[in-house]
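Next come two complexes, and both contain chain A; in the first it sits with chain B, in the second with chain C.
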Partner chain A sequence: MNIITGLINGMISGATPILLAALGGTFTFYAGVFNIAMEGMMLTGAFFAVLGSYYFDSWLMGIVCAIIGSLMMALIFILFAVTLKTDEFVTGIALNLFALGATTYMMRQIFNVKGAFSNPGIVPIPRIHIPLLAKIPILGNILSGQNLIIYITVLVVILSAFIIFKTRFGLRLRAAGYNAPSLDSSGVSSAKIRIWSLIICGVLCGLAGAFLSLGYVTLFSENMSAGRGWISLAAVILVNGNPWGIALISLLFGFTDGLGLLLQQYMPSQFTSMVPYVATLIALYFYSIQARKRKA
Partner chain B sequence: MQILIEMKEIIKVFPPNVIAVDKVTADFRKGEIHAIVGENGAGKSTLMKVLYGLEHHNQGEIYLAGHRVNFQDPGEAIAHGIGMVHQEILLISQYTVWENIVLGAEPVNFMGMIDRQRARQLVQKKIDEFQFNLNIDAKVDDISVAAAQKVEILKLLYRNVSVLILDEPTAVLTPQEIPQLFNELRRLRDHGHTILFISHHLEEVLTLSDRITVMRKGKKIATVQASETNKTDLAQMMVGRTVLFTTLREKSTAGKQIFSIENLTYIDGAQHKRLENINIKIHEGEIVGIAGVEGNGQFELVNSIMGLIPTKEGSIRVNDVNLTKADILERRQYISFVSQNRGKMGAAVKASILENVMMTHHRLNPQFTRWKGLLLNDQYARKFTEQIEQQFSVVMDQMDNPFRSLSGGNQQKVILGRELLLSTPFVLLDQPTRGLDVGSIEYVHELILEMRDQNRAILLISADLEELFRIADRILVLHRGKIVADLPTDQTDIEEVGYLMLEGKENDAKETD
Partner chain C sequence: MQRKLISGIIGILIALLIGALIMLVQGYNPIQTYAALFNFSLFGFYPLATTLRNSVPLILTGLSASVAFASGPVNLGQPGQLLIGALFATVGGLYLDLPAFLLIPVLILLSMLGGALWSGVAAMLRKWFNMDEFITTLMLNMIADFFTYWAISYPFFDRSAYSPMTPQINTNGWLPIWGEFNSNVIVMVLAFFVIYLVFNRLTAGYEWRITGHNSLFARLGGIKIDKNYVTVMLVTGALAGLAGGLVVMAGPHRFLKGLGANYAWDGVMIAVVANNGLIGTLLYGLFFSALQTGSLGMELITAVPREFIQVLQAVTVLVIVAGRGYLDILIDKTIARQKARERAT
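Moving on to the complex of A and B:
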């Protein structure tokens, strides 16, 4: 029983950063921005989360700093891809590489360590115990006692689905992606909508980063996002941006993540850490078959 | 009638030195249908875009009901009651009719949620008011082009626009749909709306409008009452010389058969029959036209003939050579081809004019290459380009400039020249005059007739029925992938062909369902 709850909890915490980044990505997906910078935004968020938490002695400041850091990356993306109209793909690649270099450099300069920075002074984001839910047999250990960010994430899924499909902003957001000139001619600037979608993406990737370095573990290590931003991109594309679909796919990736950890007892860890990526490839394969059927 | 809009001495210069609108002064009255006619590049669209705030004029003044205005963007113009429907339909095909109409001015409740009920009510009210026959819950993807155009107009009416600018609204409609649009526009005028109507179809302009402003090369030539002018006068003002509207056909004696398609059927990936049992025979010195509403198999027919999609059933022959399975280069020895898409298939727009001229020739004519085809013969290619420039009176600066630096008419002349000089027995023309102005169209038609006189067999696919009636000897009507009629041009008329295009043969509908 404990193995199963452990596996489910592993799945949930593995899914959370992917899910948050993918929800950010889905806003840009609907707005028609080919945004691949989630990886870099998340990594920057993770670094600034540790920075904020360590220096202000507060996890809340950690989250705030993570969002600010990730937003800075989003603003660079906006400046180049939306305002200066550079190629979105190249801009995204540049940002991801920049984030990797910059966070590694800053970690070495500020904390004087190589590889990873862990310190008791970093305040982690607390787990929330919900007294009533905790008493439910079996499910209690899953529903209660999770990290604060995980509860926020559930809220974000519901809110995203509501905003994208029910509100005025959502109608305009999707319009920007479907046919931007049409939206412009309706008197709404598609560039502005894209800017907002990237700002939302920045905030959510910041949260994802904060969860990585202050929730999943309490440390910052070089390249700690480890491709989760790319997986979140795959998740968005796989389900055509639907927030509920993204939640499902993210849980699947979280599960393979947890499975990889479990398999480490039997196989070399370098091998098991391939599992989520192999899962991505398999998912993409099935997606392409389905897409071809739909087209025909 | 009172003057609503006055444009005074408007000048618009596109950098560096193209004067698109040259000191134009015009006025538009409340409650009139006012046509603005002119050839492509005459400045009529630019003038209207200046009024709409989409382009900014360099000099001049605009007055709306006596007050000076200068709209910075279309949003401001709409707020002042001036709206424009563009030539291409700008709707979101994934959205429903009502969603498209309210987009940008959505009624919302306190939570920012779209108030569906109120939005649908408001849209339905507008539809009822102007008797537009539309289903507000239909997806735009599923409705016809004519209906989509109505949605565009409704989108402006929903924003309480009283001046409607329409940029060539009939270009996308079939002959049967045009009277309905005109009735709706007249109804709008009778409700007190002002309609500014850009067109280069003179007959339409004469039927619909109250007054007509003619533009040529950026200048206004005149504003006339529609009731006091005629087609010949308008054309003369537009082009600056006399244009003949007579048919250019002459009885040609059919010679031996050059081109044939037998029992061609094409089934696409989704198991839809796109072409069914097509039989076409064309003799030397004969122009055969294909009429049909777009999407009835023209695309597949062209691609089958050119070898861009595989032919599994049926055969294609030129001069008794079976080309059914031939590769494209082999086909090109027998077929000249002018694609409807100048920029994508007809030419490589970023490549130079020279490179575009020698395409295909460099594979078929050994004079274009040296060393057994390993090197290109630049000298010969330049001479050849000069020949095309002179023979087809192309206006070009340097042959090394990119192809896209040419105007649309000149681009088409280069492509036609290249294909003509392939000297093939069969010529396939897919919408060769699309997007060209009256003068260029006339020239292209002359070229086609010249090809006929050289005893070539010509297949002309066109959405412009007047064009077909002007030059084709026979007209085939394509409907849902079938040829439903084969009519000698002098034994039919536009109404009959138009009817067949829309309805097919009466028993046709039963067969396909």
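Moving on to the complex of A and C:
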């Protein structure tokens, strides 16, 4: 029984950063922005989360700083891709590398370390114990005692689905991606909608980063997002941006993450670390098979 | 050409200015820092030779990305292809015993084969299952990263070493060094000429370029898009693999952890700033290499850490790319205005 709850808990915490970043990505996806900067935003968020948590002795300030840091990346993206009309793909690639360089540089400048920074002074984001739910026999260990960000993530999924499909802003968001000129001619600036979608993406990637460095583990290491931003991009593309689909896919990736840890008893850890990436390839395979069927 | 040169130089100057501002904010002396940076990378025979040597993996991966992007396929798998190429060359160098004039070409071919094999996987996934190479190559990068890490930790592990690395390859496979000049530069220049020739002068290159510009037009003109797609993927994979092979054969002569460094991603950035132009890739590759080579001296002389260069590179890319788009808009606007004025009179 413990193995199963452990596996489920591993799945949930493995899925959370991917899910948050992918939800951010889905806003830009609907707005018609080819945004591949989630990786860099997440990494910046992770760094600033540690910075804030360490200097203010508070996990709340960690989250706030993570969001600010990630928002700065989003603002650079907006400045180049929306205002100056630079190619989105190019901006995204440059921004990801900028994030990698800047976080490594700042880690060295501010904390005087190379590779990774861990310190007992970093305050992690607490786990929330819900009194009544904890008493439920099997589900108690899953429903209660999770990291705060995980509960926020559940809320974000519901909110995103609501905003995108049920509100005026959501309608405009989808219109900006579907047919920007007709949105513009109806008096709503599609550029403004894109800017808002990127800001939302920045906030959510900041949360994802904060979870990585203050929830999943309590440290910052060089390039710690390790391709999760790319996996989240794959998740968005796989389900055509539907928030519920993204939640499902992210859980699947989280499951492979936990499965990899379990398999470590039987094979070298290098192979188990490959599992999420191989799973992404397999998921893409099924997606393309389905897409072909739909076409035929 | 002139427009490119102007926007490139202006962009680099603005990026250096932004870099100077960042340094000023942190209390460093920017003039002293830049002096140290370029003293250790450009002025003198030894610094120049080192810059040239270090530019090889950057330029080769840059060429790989340039050719791929300009021909259509979004091959972002250079990091993985480089690693697999390096692994192939290393394994060849460990087990083959040939005289130098044979072993060096064999290892070079092996590294290209390795890179082409890895990009071939992505090409086949696209051809058979219509899977987007943009994401598959990225995933294959991570897989190659872990695979080579495993290979140097278990099957090809050097038992006398404390961290994951292979033993040194056969000395016949080492690229000759004359004084400070490393012959990996010669291989790179050869590869550049071949690619330049194929891309700009041969029918195959013409077809690639047309496909990259407008694939519908290319298809209607009778170009076999699918076949060209696979060829371009294999060629660009081989280029990235060659970069990896040369890193092993010129430098540590073995595969150690972190061998790929950031070469391939820097190469992608170089292709992006060069707007997929081959000569631009060569020039920006040399510039980036100068920055990276000089960064060691900069750290030695001033207190500015080496990682600052990574920031400076990304700033350069953003400024040049944004500036280019902006400059184009500016020029187009003035042309349009002129036309409007002519019509009015």
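Assume the second predicted complex is superposed on the first by the 296 of 296 C-alpha atoms of A that agree within 3 Å, B and C clash if a C-alpha of one lies under 4 Å from a C-alpha of the other, contacts with A are read in each partner's own complex, and residues count from 1 in each chain.
The rule is short, and it goes like this: a contact is a pair of C-beta atoms (placed from the backbone, for glycine too) under 8 Å apart; a residue touches a chain by one contact, two chains touch by 3 or more.
All values derive from a computational prediction rather than experimental measurement.
Colleague: Taking the superposition on A as described, I'd like to know which of chain B and chain C A:Ile149 touches: first, second, both or neither.
Modeller: Neither partner.
Colleague: Between chain B (first) and chain C (second), which does A:Gly187 come into contact with in this model arrangement: first, second, both, or neither?
Modeller: first
Colleague: First (chain B), second (chain C), both or neither: which does A:Cys65 touch?
Modeller: neither
Colleague: Looking at chain A, does chain C or chain B touch more of its residues?
Modeller: Touched residues of chain A are more numerous for C.
Colleague: Figure out whether A:Thr167 sits in contact with chain B (first) or chain C (second), or with both, or with neither.
Modeller: A:Thr167 contacts chain B only, not chain C.
Colleague: Could you say whether A:Tyr178 touches chain B, chain C, both of them, or neither, answering first, second, both or neither?
Modeller: Only chain B is touched by A:Tyr178; chain C is not.
Colleague: Mind listing the chain C positions that touch chain A in their complex?
Modeller: That would be residues 26, 125, 129-132, 135-136, 138-143, 146-147, 149-150, 153-154, 262, 265-266, 268-269, 272, 305, 307-311, 313-315, 317-318, 321-322, 325-326, 329 of chain C.
Colleague: Within their complex, state which residues of chain A touch chain B.
Modeller: Against chain B, chain A makes touches at 166-169, 171-172, 174-175, 178-179, 181-183, 185-188, 295-296.
Colleague: Could you list, by residue number, the parts of chain B that touch chain A in their complex?
Modeller: 74-75, 78, 86, 90-95, 99-100, 103-106, 108, 111-114, 155, 269-270
Colleague: Considering the complex alone, what residue numbers of chain A touch chain C?
Modeller: Chain A residues touching chain C: 76, 80, 84-87, 90-91, 93-95, 97-98, 100-102, 104-105, 108-109, 226-227, 230, 233-234, 237, 268, 270-271, 273-274, 277-278, 280-281, 284-285, 288-289, 291-292.
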